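Below you'll find the structures, each written out as structure tokens.
There are two complexes below, and they share chain A, which is joined by chain B in the first and by chain C in the second.
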Partner chain A sequence: MYVVRRAVQAVITLLGVSLISFSLLYIFPGDPAEFILSIRYGYEPSAEDVARLREELGLNRPLVTQYLDWLSRALRGDFGMSWTEPKAVMPLILERAQASAELFLATFLISIFFAFVLGILSSIYRDRWIDHLTRMFSMLGISIPSFWLGLVLIWIFSVNFHLLPAFGCCGIKHLVLPVLTWSFSFMAIKTRFIRASVIEELSKEYIVTARSKGLAESAVVLRHALRNALIPIVTYLSMSVSHLIVGSIMVEVVFSWEGLGTLLVKSVFERDFPVVQALVFLSGVVMISVNLVVDLLYTVIDPRVKYGE
Partner chain B sequence: MLKVENLVVRFKSRVGVVRAVDGVNFDVVSGERFVFVGESGSGKTVLAMALVRLLPNNATVTGRVIFDGVDLLKLSEKEMRKVRNCKIAYIPQNQASLNPLMKVGYQCAEPLVEQGLERGRIMRKVSELLEFFGIGHRFKDYPHKLSGGMRQRALLVMGLSREPEMIIADEPTKGLDAVKREQVVEAFQKLGRRTLMVITHDLPFAEKVADRIAVMYCGKIVEISPAREFFDCPLHPYSKGLLESLPERGMNPIKGFQPSLVNLPEGCRFRERCDLSTARCAEEPPLLEVDGSLVRCWLYADEMC
Partner chain C sequence: MKLSRRNFMKYASATTATLLGINLLGCSSRQSTGGVEIGKLSTVVMGYGKDHKLKGGKWGIGFFPKVNTLEKLVEYDLEKDEYKPFLAEKWEVENGGKSITFVLKKGVKFSDGDELTADAVKFTVLWLTANHPLGQETFESADVVDDYTVTIHYKKAEFLNLAKMAEFHMSIMSPSSVSPKGDVKGEWVLPIGTGPLKVADYREGEYAVYEPNVYWYERFGLEPNFEKLVVKFIKDEDTRVMALRSGEVDCLSDYCHGGSDYTPRNQLAPLRQDGYKVFKRGEPLTWVIAFNYTKEPFNNVNARKAVDLAVDRNEVVKIFNSEVYPAETLFIEKAPGIKEAKAQGIVYKPNPDEARRIIKEKGYSNLNVKLIVDKAQGDQILVSQLVQEKLNDVGFNVELEVLESGAYKEKRDSGEYDMRLYYIGGTDRRFYMRLYWRFHPETKWKVYESERTGNLCKKILGEFDESKRRQLLVEFYKAVYEERGVVPLYFDIMTVVTSPKMDMTWDETFKWPNGYEVGEPLFYDV
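Entry: the complex of A and B
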């Protein structure tokens, strides 16, 4: 029941996201056909040209028909043609998606690993030196802006020591600096969150029970507190998956990474609306799917969820 | 078996230093069932947790807790864990004391896993004990599916399975209705002659399980008496008040409230609520011995002379 209800909610949310993505084009003042033609010609198009293109694109039809048409094509992965490049939107996005995914996955996995290790160590050894060090480290990660860190790293490793490429894409060597830059801030907040969640659990009554059994503090944290803390932690981590599409903009721009972040920036500046629409819609889809998976994960983590309500 | 000398527990708080336990002396002999009674906030739970050193870091504990000739307060954390694991089983209050994400049987087995017992033996032992307390079918359930009484019995199993030399049970009947309380009483009667220290404010429960009763008031013991004498003829005015506030004994609650543990009155702490107080009560009464009982009240000072 729980699963079915969550799935239905996901579909409804998806419709909302599609509506927003679709209306992007119409929220902006001006006529889409005029846009396309002025981009294509580079000068003000004539009224006949505009009228012809409007007919061609079906812009004269009622909005509802246009939306349904757009939605049915979007669901099949067809977002039309790019306005600035002679390519369909979907292949354009897929081409870039791989580069972004590489960057995101490397950052995500490395950050999560270290965030868990540091967060857990920090909560086992509260107020000892390892905890202080971790907290200082995460404070730095939160405070230092990633574009600044990125530039500093480029200056040190690329400009001064010629060890790593400053920009460009693909290959382990190219990944190092952007991943390092992004991970530093990415893991900082997560480390703090994991530490806080575990410590919060440590004040619960069942922890006294666990300690009364004569368990070592590490067993108390790992076997009892951590598992209970996973519920808020998983929720929090899942939200960061939205970065898969848009979160890397800063890092991608600094390192000229040919990914979705730079594509989004470029499309917005060039008013390539079909690409923007597709990116907004797809990041919505990614978020909703991740949320759905997380909701299902709860039933695995927490035996009480199934019986909720 | 257990000898507590001048135990003091202080908490630093924003309003000042709270003296939750203030100079407590008592001993529990082997095979005895020693029950602490008193109102909420009298320091009973803090006392119990201090004995096994489970209090949070903001508590300072001084004094001596001699168990089998060893001062527990002087042990290293590692040695203390061993004591908790196989010598003194502390059984916490019931409501939220089980891990919600772990199956009941496994939680009961955990101390034995820690002892390094072989898996098959652990399972057999835990199943037998759960069976013994009538919840054998609950081995693979999560705590939220158990009633309050069942959870309390599961906690008892958790304590018993490791065959400790002593059990300290904290408010085992807290928040239970009459029927479930009866189940817990039964469970305690099944314990046999094990050394037991129970903390409770449930006097009828105390009457059913206790050999000796200690009464706590504002962090101090005001009376220690054999159970039968205590329920027939309590000595301290506070003990009398507690018993008279029971429905079956007239339901006359003690007037007034417990003073704050931050600013305790000088002298006898019960003075302001006591009908029998005299000028002498402004001075702290010593623990006096009266016919095999101990009582902290000036009323009994004259009888001695």
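Entry: the complex of A and C
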């Protein structure tokens, strides 16, 4: 029952996202047909050209009809043609998606691993040197801008030691510096969150009981405290998936990594609305799907969570 | 298991070492970047700030391939204000300028081996008419007279038609550049031209690989001294410089269009000091303060004059480590008519006291005015801040709005600003084109318009006689100066920076082998 309810909610949210994505074309003042032509040709189009394009694209139809048409095509992965490149939107996005996914997954996995290690260590050894070090590291990660850190890492590893490439996309060698740069800030926030969640759990009475029963500290932390702290942590981590598209813009620019972040920036600057609409819509779809999966995961993480009761 | 500090450290260290090991293993197994083999002596790698768009786009392919893979019928000599034969050996202006008949040089070959004929020129004209904004507004038709003679018919009868033939976009391409071959509505494949380079490989957003076009070298009696020129697209300017310093690229070139994606000017001196070669050329590309001249207060010449007198250009160029040049005239000195105009006292000079007097007398004291700037143009933010400071010093109250590019364009197009920074001119070949785009009353991107300047601009662009045109230009500079239509700030430059191991010279960078100097960097001898 719960699954059906969540699925229905997801569909409703998706419709909301699609409405926002579709509306992007109409947010800016003026006639979209005139807009398209002035972008395509770089000068003010004639009234006849505007009328012809309105007819050709069906912009004379009622907005609801246009929206339903756009949505039906979007659900089939057809977002039309880019206004600035001679190609369809979906292949344009797919070309970049692989590079973004590579960067995001490597960053996600590495930063999650170290965030857990550091967060747990920091919570166990609270107010000891390791905790101070972790907190200092987290503060630095949050405070240092990614573009600056990226340039410093290039200067050290590429210019001075010639160990790693300064730019370029794809392949493990090229991944190292962008992933290091992005992981630093990505990890910092998550480390603090994990530390706070585990500390909160460790202060609860059932932990005192577990310790008094003589359980090993590793079992107390990993099997009891961490497991109970996981629900807020997993929820928080799921929200990071939105970074897949927009989170890596600075890193992508500094390291010339041709991913979705730079595509989004370029499309916004060039007012390539079909691409922006598609990226907004697809981000929404990814977020909604991940949230749905995470909601279902709660029962696995904590069996006390019973849906539908 | 007891989770001691030692145990935690042990597990963490082991996992870290494993991950690092996997990374290092990955590093050693790959020797190439982006699928391109590098490191050969005969391969030169260049860092460039913009994609070459070899698959086409709104304005066709990028400016770099337009300069280095394609050629024009004529080239422009800025200093002599003269159009010179290039692919065309001669031409005749007919119908009062509405048609021009070009006679092509014989024996010129495209990089695919096909000969350049009148049919190829006609194809280019028709393709541009069907697909390109500039072609659409320029051409009417083209007739092949014989194999090497073609008559191009234009929409208007004006001198600008000839000037346009030296423009980037009017480069001649082979009918094989599209599929089906020769179809003016065919799909764009790759640029095939008569220029020194030909495209060997391209990956959008990442790199373009060029090889020497042997037919071009034969034509000029030269031997290519490289096998491949790999151009890597590196958007971030600091990363580009570090890629040069790390040895991953051998040279850097400014974006051929000028005005953006250039090597940071404050990096040029340190690079010189460290043994890198910097080739620099002043361009007739002037950054100016543009006004919203249609509304108060800058619809009044006194307000514009006060702004002009308030700004010290020598301070502006310090922002660029004095690598660019202060603009005391509308264009650089070798641009046509500038010397004559200067001799007549048309020189922009600061005089803050006079600016204060005007502001007080005309009641502009503490007047709120809005200066907008595009966030994407980092250097222009600094220039705007200086302008703001100088204008506040003399009595204006300037609000500086640093806007995201989209928001900037919105405000610019809707007129929600009082001042902004903009560029006029361009590289040499664009001298008349930009005069048209910035001052002709009928164009969208104009920077200033008055009856006087508009009429003069029309006359200049219609006048074939060089000496009459020069006179009109002087009158035009005078009109813009007296009306303070714009306030020139600095003349931009074009640079190429190479590693010490590269054997390039200034002449090889900015001149064709026949001695014609062009505004964009050339890469036939790297």
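Quick notes on this one:
In this text, the second predicted complex is superposed on the first by the 306 of 309 C-alpha atoms of A that agree within 3 Å, B and C clash if a C-alpha of one lies under 4 Å from a C-alpha of the other, contacts with A are read in each partner's own complex, and residues count from 1 in each chain.
Keep this in mind: a contact is a pair of C-beta atoms (placed from the backbone, for glycine too) under 8 Å apart; a residue touches a chain by one contact, two chains touch by 3 or more.
Being a predicted model, the structure only gives us computed values, none of them experimental.
Superposition of the two complexes onto chain A shows chain B and chain C fitting side by side, with no clash.
When the two structures are aligned on the shared chain, A:Ile156 is found in touch with neither chain B nor chain C. Contacts of A:Tyr206 after superposition: chain B is touched, whereas chain C is not reached. After overlaying the two complexes on the shared chain, residue contacts for A:Gly214 are found with chain B alone; chain C is out of touch. Legend: residue contacts after superposition of the two complexes on their common chain; A:Ile110 is shown touching chain C, with no touch to chain B.
After the superposition on chain A, the angle chain B-chain A-chain C between C-alpha centres rounds to 150°, nearest 10.
In the superposition on chain A, contact is made by A:Ile301 with chain B only, not with chain C. In the superposition on chain A, the chain among chain B and chain C reaching more residues of chain A is C. In this overlay, which is a superposition and not a single complex, chain B and chain C have their closest Cα atoms 9 Å apart.
For the contact definition in use here, the residues of chain A common to its chain B contact set and its chain C contact set are 216, 219. Those residues of chain C whose C-beta lies close enough to touch chain A in the complex are 1-5, 7-8, 12, 15, 19, 22-23, 26-27, 30, 33-34, 55-59, 133, 136-137, 187-188, 204-206, 232-236, 238-239, 242-243, 245-248, 376, 405-406, 409-410, 443-444.
Residue ranges on chain A touching chain C, taken from their complex, read 28, 39-44, 84-87, 95, 110, 113, 117, 120-121, 124-125, 130, 147, 151, 154-155, 158-159, 162, 164-176, 216-219, 221-222, 253-256, 258, 262, 268-269, 271. Against chain A, the residues of chain B that register as touching in their complex are 49, 52, 54, 81-86, 89-93, 95-102, 107, 110-111, 114, 142, 144, 155, 158, 162. On the side of chain A, the complex with chain B involves touching residues 204-206, 208-216, 219, 224, 227-228, 301-304, 307.
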